[in-house]
Structures are given as C-alpha cells and as structure tokens.
C-alpha cells in the first residue's frame, strides 16, 4: 500500500488553496497529505474525540481555542508551540453583478436603504458561521446593525451566502473577500475597514499524539514558509 | 424542559412548518403512491426514481435546486410571484423544503399499503354500485390507512429533523424560517454550545414522542393494527 | 456520464458504504420491526421513538452523538478499540453513520408489511408442524417481503444521500470516508463548482435508478406485487 | 326476461364457454369443481371480460363484443354473493350490509335492513367486526349485503354452503320468494342436486 | 383412543362449551351457524386456549388447565382443514402440499404426494399459484396439505362444502379409509345430515 500522508483537517473555505499547497508539497517529493474539509466546528469536535489527525486549520480562533483547552488528553490536544496564524482575510460588501448600488462603508452608512423594500442581507449565519460573526461585529461597530438586524438571511456557510447574492435572491451580502473575487456573478461594492472588526485569522496547529508527526510538521512549516504563503496570497488571502 | 420564550417560538414554528408540509403534500403523495402501485405504464421506474430523488441527493443540493426553481429568478418563483406568492425567506419556503424531503418516505409507506389492498374487495364494492371514486374513498383509502398513517408519521418526523435543504433554500431567519434543527445547528457551531444543543434536541425528541403516541392511538382507534 | 478515476473511486466507495450499511443493519431492522408490529409490552412507544430518533434529529447531531459514543473517548469506541476495531475516519464509520440514518426508514417499511401478514396463515403453518422460527422464515418473512424490499430500497437511497452525520462523525477523507454526497459538498464549496455538482448528482441519480429498477425486477420475480 | 348468455374466455390452458338462454326465474349452474362456474358469474357481473360473446340480463345488453357494449360493473345492478364472501374488513356488519343500500336509488330498494336481519338471523351481529364472524355468519352477511343493494338480478355462488339445514331451508324460501314475487333473474351455483332441483327452472351444466 | 374433550371458553357475550368422549373413529360436530364448532376445533389444534378444561386425543393429553398442560400447536400433530382453507399465498400448490410433509418425520408420513394428487384430482394444479384456484380447488389442496403432514388426528371443518357430488363421494370414501385403516381420530364439522350419518360413529351437537 502507498504510504499514507499526514491527515490535515481544514476549514471548508481553505479547500482550493490548501489543495494547491498540498500538490506543491507533493511535487517536492513528499507524500501528499490527506486533506479533509468540513466545518471548523465538526473538525474540532472530531479532534477532541480522539480522531487520528495531524494538523488542524480552523476558520477562526475560537475553535482552535476550543481544541487547545479541551480536556481529555494529558498535555492537551495541540502540540505546544505549533500554533500560528496561517492566513488572514477581509470582509467584503457585495451585490449581484448587475446591481448599480454604490456605497461607502463608514459609521452610519445607509446599508438598509440598499436592501430596498423587502430585500434581505445575506450573511453567514451570525453567531454560528465565522464570517457572519465578523459581519455582525463590524456592522455593530459601524452602528448600522440595528437597522438591518431584522433583514438578515443567515446562510449555512459563507459560500451559501455568496450563492444567494449571485442568484439575485439577496440584493446585498457580506462575505470574505477571497470568496467574492472568484465569483463572477457578484460585484464587490467595498471592503470593510480592517479596524471595524477583529482581525480575521485562520490559525494552524499540529495535533498531539498522531503518528505522522515529522511529516506533518514539515508540511506545516511549508505552509508557513515564503513559498507556502505565496500560494495563499494567490487566492487573495492576506499573509502578513 | 426549560425553554425561554424564543425557544417556544421556535418549537411553534417547527410544528407549523412540519404540519403544513406533511398535510399539504399528503394528497399528492397518496396519488403518486397509487399510480406507482397500480399503474402499468412506461416510465414508471423513472417516476419512481424521481420520487426518490430528494432521498438520494444530499439535502443541500435539494435546497440549491429549490433555490434555482423557486427563487425570485427561478421559473416557478417568477410564476408564483406573478400570483403574489413568494416562498423565498418565508416559512412557507421552509414548509416546501420539508415537504419535498418528506415526500419519498410518505410515498413509499403509502404505496406499500395500497399494494396490500385486496382488489377483490374493490370489485365487491363495484358490484354494489360504487363508482371508481367512491370505491377509492370508501374501500381503498381506508384499507390503506396503516400506510397513510405511517407515511404521515415518517414525513412528520423527517420534517421535524429537516435541516440541509431548508437552510440552503430559505436561510436561517429567526421567527420566519428558523426551525428547531436550524436552531440546533446554530448552537452546534458555537464552542460550548453542546448544552443548548442537548436541550433543543430533547425538545425535538419529546415532540416526536408525542406525534408517535398520537399516531399509535389513532391507529388503534381505527381498529387494531391500523384498520387492516 | 464522464467521470475520472477519482470519480469512479468515489462511486465505488459510496456503493460499498451504502451496501454494507443497508445489508448489515437489515436483520436488526427487521427484528425491531417485528417487535414493534407484534410485541405488546410497556415501553413500546419509547422504543418506537428511539427508532425514529435519527429522523427527528438534524443529521449533524446524530453525527456528533456517534462521535461521542464511538470516538476514542467514547464508551463504545473504547470497547471496540480493545478488540482492535476503529471506525473513526474509516469507511466503516461512514457505513455506521449511514446505517443509523437509514434505520428508521427500514424499520417502518418492514413493520408495515409485518403488520399486514395474516396471522391465521402462521397458525396454519404451526398446525403443520412448523416451529416458531420456521414459521418466521417460511411464512412471516416471505409474506413481509414487499416491506423488506421497500425498506432496503429506502435505506439504500437514504444511505446514498447521507451527508450530515457522516461528515460530522468521520470527516471528509478522500478514498476513505468521502462518499458521493461529501464529494458533492466539496464541489459546492468551490467557485464554479456547479458543473461538478451537477455531474456527481447525476451519478447519484443514475445509481438510485439502477437500484430501483433492480428492486422492482426482484419484486416482480417474487410474484407480482412483491409477493403479496 | 331472464338471461341470454353466450361467452367464451381462455383461462390458462383451458377455455371456459357457456351458452344458455332462460325465460326468467332461477337458473342453476352445475358442474365439477374448476369448470368455470364462478368465472361465468364474474363475466355477468362485469368483473371478468369475456374474450368474445354477449351477455343480456332482463332484456338489458350488458356486454356485446361485436357491438362494443360493456356496461361498467357498478351500472349492471347485479347483486353478487361471492364464493369467498368478500366482506369489507374495515366496516362492521351493519356498514357492510348498508354499503350498497346507501348507494341505491330509494326506488330501487326492495328490502330493508330490518327485514334482512330478520330473515337471515343476523340482527345480533350488527355491531360486530366481520373479522370475528364464524363462516356461516359471514355467508349470511354477504347474502344480506347483496340483497340490500337493490339489485336487479342476483348472482349467488354457493350461497348456502356453510349453513345448517334449518337456516338453509329458511333462505331457500326467501330465494323462492324473490324469484316469484320480485321476478328477479337469478343465477345460482350450487352442488346439492336436491336443492338445485327445487329452486331452478333450468339447470345449465358447465363442463370442464 | 379417540377424543376426550371437556372445554369452556367465553367469546364476547356467549360461552362455548363442549363435552364429549369418543372411543375412536369419526366424531361429527353438528350445530347451527355460530354455535362454536370451529372454536372447538381451534381449541383442539391449540390455536385457541380454553378458559378451562381438558383435551385428550388418542390417549395424549394436549391440554389440561388443572394440570397446567398445554402442548404447543406444532407438537399436537393435528391435521387441520380450515373452513377458510388458509393456503399459503406465496407458495404454489406443490409447495403448499409439501409444507407439512417436509416437516414430518419420515416414519410419521402415511401418504405420498402422488397418492394425494390422485385421490383429490389436483395433479394438474401442482405448479399453479393458489391465488388463481377456484373455490373447490382450494378446498382440495387444503385437504391434501393436512393429509400430507403425517397428522395423528384430523380436524375437518366443512371439508366438502365446495365440492360437487362426485368429488364429494370420492373424498368421503377416502375419509372412511383413513378412519378404518389408519384408525385416525377425526373431528368432522359438516352440515349435511346424510353425509354425517354415513361417516360418523358419534354425533355431538354444539348448541349456540
């Protein structure tokens, strides 16, 4: 049988870029890691229930914290000193490609007016999907949340929110900039100011107790290396 | 079971969505079941496969297809909009998604019972002067009642648990489309949300227990073993 | 239908997972259906509710409960690990999740047919010298065959479409737990993935069509109307 | 105003053929088991379609393959007592009896529930589920149901087979009255020669 | 070595009671429709549990409420021809006939499939589905199935009701041979007095 590479559990939104990175890593003569994409919440729970995985890439810090502090294994579920920020992202206000709406994002900006009489604002579900949490935080700080709180359509994932806008079902939406830029059927109206919400970061960490430790560590270092970051940058992620 | 006012509102919405979905689609399900049980036509297997579609496809795909068809830009959606009906982001859309997902289960159960109805009894009713529709209403339907009940129960349970198609189709809008499973999903997405998940899941279990007990009682009232 | 080697591998895995899930759990489903149809004991409604649980709970919750039970930290998981069996991140885990999700559908269909079996025929078999188990194998089971077949078809279709419990329980590991619905989900996460989604969904539909046609043919061979 | 019947039907390897004319009254079908007696009744009732032929009952053409006539079952007005009874299992005895009665036009009815209960001795069974009736009780309910439907002709398939002699005697008296007073055309299948000779104006033998 | 029976059973509002002893041969149960004849056979076969009493067949105690004896149905060895036949709808005629034969110990069998087909005239039906049999054909298959099970006693519930006179005559001859040559205890329900008088050593009347 083929040697099996390290198992990487990653947030679904990393699918394209991480696959590219894994290909690049394999092209250097390493065993290609096994990538499993799902919601960060599902992956984190799998880890703390003893699933045999080597790396975890979360879509937000909270689920990485959850794994870091979960009981059940002496010494913790994460390998000490391996947690790092892999990439960062921005929030974008989007509209269907044909939309004429223009808006500048600043405190008190007239977001609700852009929704028309009965339009909905498509978000990842606030309180559940990370992108939605950031969006709610930003709109709250900009003092426009109360005016749109009742108009939100909370999608199951940021991709689903994107689809609602792309299909024209919602006149406006807030998604990650990385998602917005690859969907031709939507137009970015504006990016949210970086200071309007907590930094959007995707942390990576090695998991304790799995077999493929050395290989996993090699892949982790590769992801964080200049070459690795260049791949993510190619997909629009920030890589400070 | 301690639920706050929001919690009870979610329960009420879930019951409304499931009840409307199941009762609304039941006649169609019975009709399709009847055609599949009795019809001998080309394309029967294709109809059968179509009926099973919502079962075979992942729910999010079903939700996505509903979005394509019933969205403001979709063919059916535009037609409905012309009549002043919108389902997007409405509880009616959630009911539609639930109905579609429950449909194959209801059809199968009903079909099984229709196939078990003794056609000789229908013949007897005809010799007594009953027209096709009366035979159907007074003989076929009552004798197929166990399957109808089972279909309603299965469909109701499936609706109570429906998540993927609903959230993809009509999103998660508190008070409008946020049914119990969507609330549970939201809680699942939060670190430390397990307690809320457990509480809401227990409510779902309690609802289904009540529905089951009611259906069993109904079946018994219809005369042991549900009328058979 | 054009699929690359990876695509065919996914189809093969899906078929393996669904077949193992459905055939593996069928005897248990029939047993539970029998008990529910014939048993008169306290707690019958509770057993019934338990059976319906995977239907009523959102699939991600079922996946999470499986994780709690069968994970390395779970009671069952530790016990299995003691015997050298792990299901986490294995196709066997995917089959387990599918089986659990398909279970209520299988039980209901089988139960419906068992309830329709004429007990007087079982009595006749007993007067001819048949013991309880022989009556079961030669009378009850064959006469309940329509429900067994319907249960297998429903269960198989449900397994083919199973997504939420699987990804929550055993993740989305290519070649091991990435079944058709998970591959479809993966494609849906990609910009412009609609073409791939459509292609994979059509494969799923084709598989179910084949399964349905096979079950219909089997039912016909067992003597019109599936043996009844 | 009786029967004018000429039908053929292939069943499996055998061919069932019957041809007879009766002026009225009761016509008995006689013949060995499996000869096709029930099949003939089914054809008259419209439950089985002859391959070819003609069925005229009481002057009404119910079926004529040459002319393309095929009156639907529910419009034929044949009160049929089935060999296997075919009571409705989800209805109690009363509702089985009244099933056809409620569908009949009031001026078509020629017997009441009370009379039927009285004549057949089933008054005490009215609220019973049919599943729990004895064989003879089922048979009597089946007879009552057919009579109450206001039928214009009767098809009786071994209607007395499960009854004791006293009961049998009573019901034969009833059949004679229907034959003579109401002048209903009756097709009767029975195996008892004495019984048949007493009731029938004409005996038709169906050969296997 | 016949029957020694004394049972009571409440059914709905009525109470069914039967008490009789026979030295052997054929015992006929006689009585009006609904009197409880089938119920008595069911109790002897073990399908119905008497409220109290004792059932002894051929010297074997099958049931005794006082002693707590209740032999299970499949061990009683009663060949039962049901009033409603109860053929297995999923099996063809051959497999219906052989169902009990295959379960019987070889030394228990006292008749072969060929003999049964011959005696009952059902040889041509062997590959047929039972659903499509005529009433009399079903009845003969039901008789054959009971005989082939190697029964040590026979319970015949109106076994000739749907048969023509010739067939009936033949089967009565067969029953007489079983009674006299094999000395099987037989409980027989029938409504024809002449038939019963010819077959029965003893007639028991069940009163409603």
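Residue numbering begins at 1 within each chain, and the chains themselves are lettered A, B, C, D and E in the order written.
The criterion applied here is as follows: a residue touches a chain if its C-beta (ideal position, glycine included) is under 8 Å from a C-beta of that chain, and two chains touch if they have at least 3 such contacts.
Because the structure is a prediction, the values reported are computed rather than measured.
Listed by label, the chains touching chain C and chain E alike form an empty list. Of all chains, the one whose Cα centroid sits at the greatest distance from that of chain E is A.
Note: the chain lying farthest from chain C is D, by mean C-alpha position.
When chain pairs are compared by their number of contacting C-beta pairs, B-C comes first. Where the sister copies chain B and chain C meet, the same residue numbers recur on both sides for over half of the interface positions. We define each chain's centre as the mean of its Cα atoms; on that basis chain D and chain E are separated by 30 Å.
In terms of their C-alpha centroids, the spacing between chain B and chain D amounts to 45 Å.
Chain A and chain E have centres, each the mean of its CA atoms, that are 78 Å apart.
Inter-chain spacing, taken between the CA centroids of chain B and chain C, is 20 Å.
Residue numbers of chain C whose C-beta contacts span two or more other chains: 60, 64, 188, 228. Multi-chain contact residues of chain A, defined as those touching 2 or more other chains: none present.
The residues of chain E that reach two or more other chains are 84, listed in rising order.
By the contact rule set out at the top, the touching chain pairs are A-B, A-C, B-C, B-D, C-E, D-E. Contact residues of chain C toward chain B in the complex are 45-46, 48-49, 52-61, 64, 104-105, 108-109, 111-113, 115-116, 146-147, 150, 153-154, 157-158, 160-161, 163-164, 181, 184-185, 188, 197, 201, 204-205, 207-209, 212-213, 216, 225-226, 228. Contacts from chain E toward chain D in the complex involve residues 12, 30-34, 38, 83-84, 128, 132-137, 139-140, 157-158, 161-168, 191-193. Across the complex, chain A meets chain C through its residues 7, 9, 12-13, 15-16, 34-38, 42-43, 45-46, 48-53, 72, 157, 159, 179, 182-183. Residues of chain D that touch chain B in their complex: 45-47, 72-74, 76-80, 82, 84, 86, 88-90, 99-100, 103-104, 129, 145-146, 149-150. Interface of chain B with chain A (complex): residues 60, 64, 67-68, 71-73, 88-89, 164, 167-168, 171-173, 185-186, 188-192.
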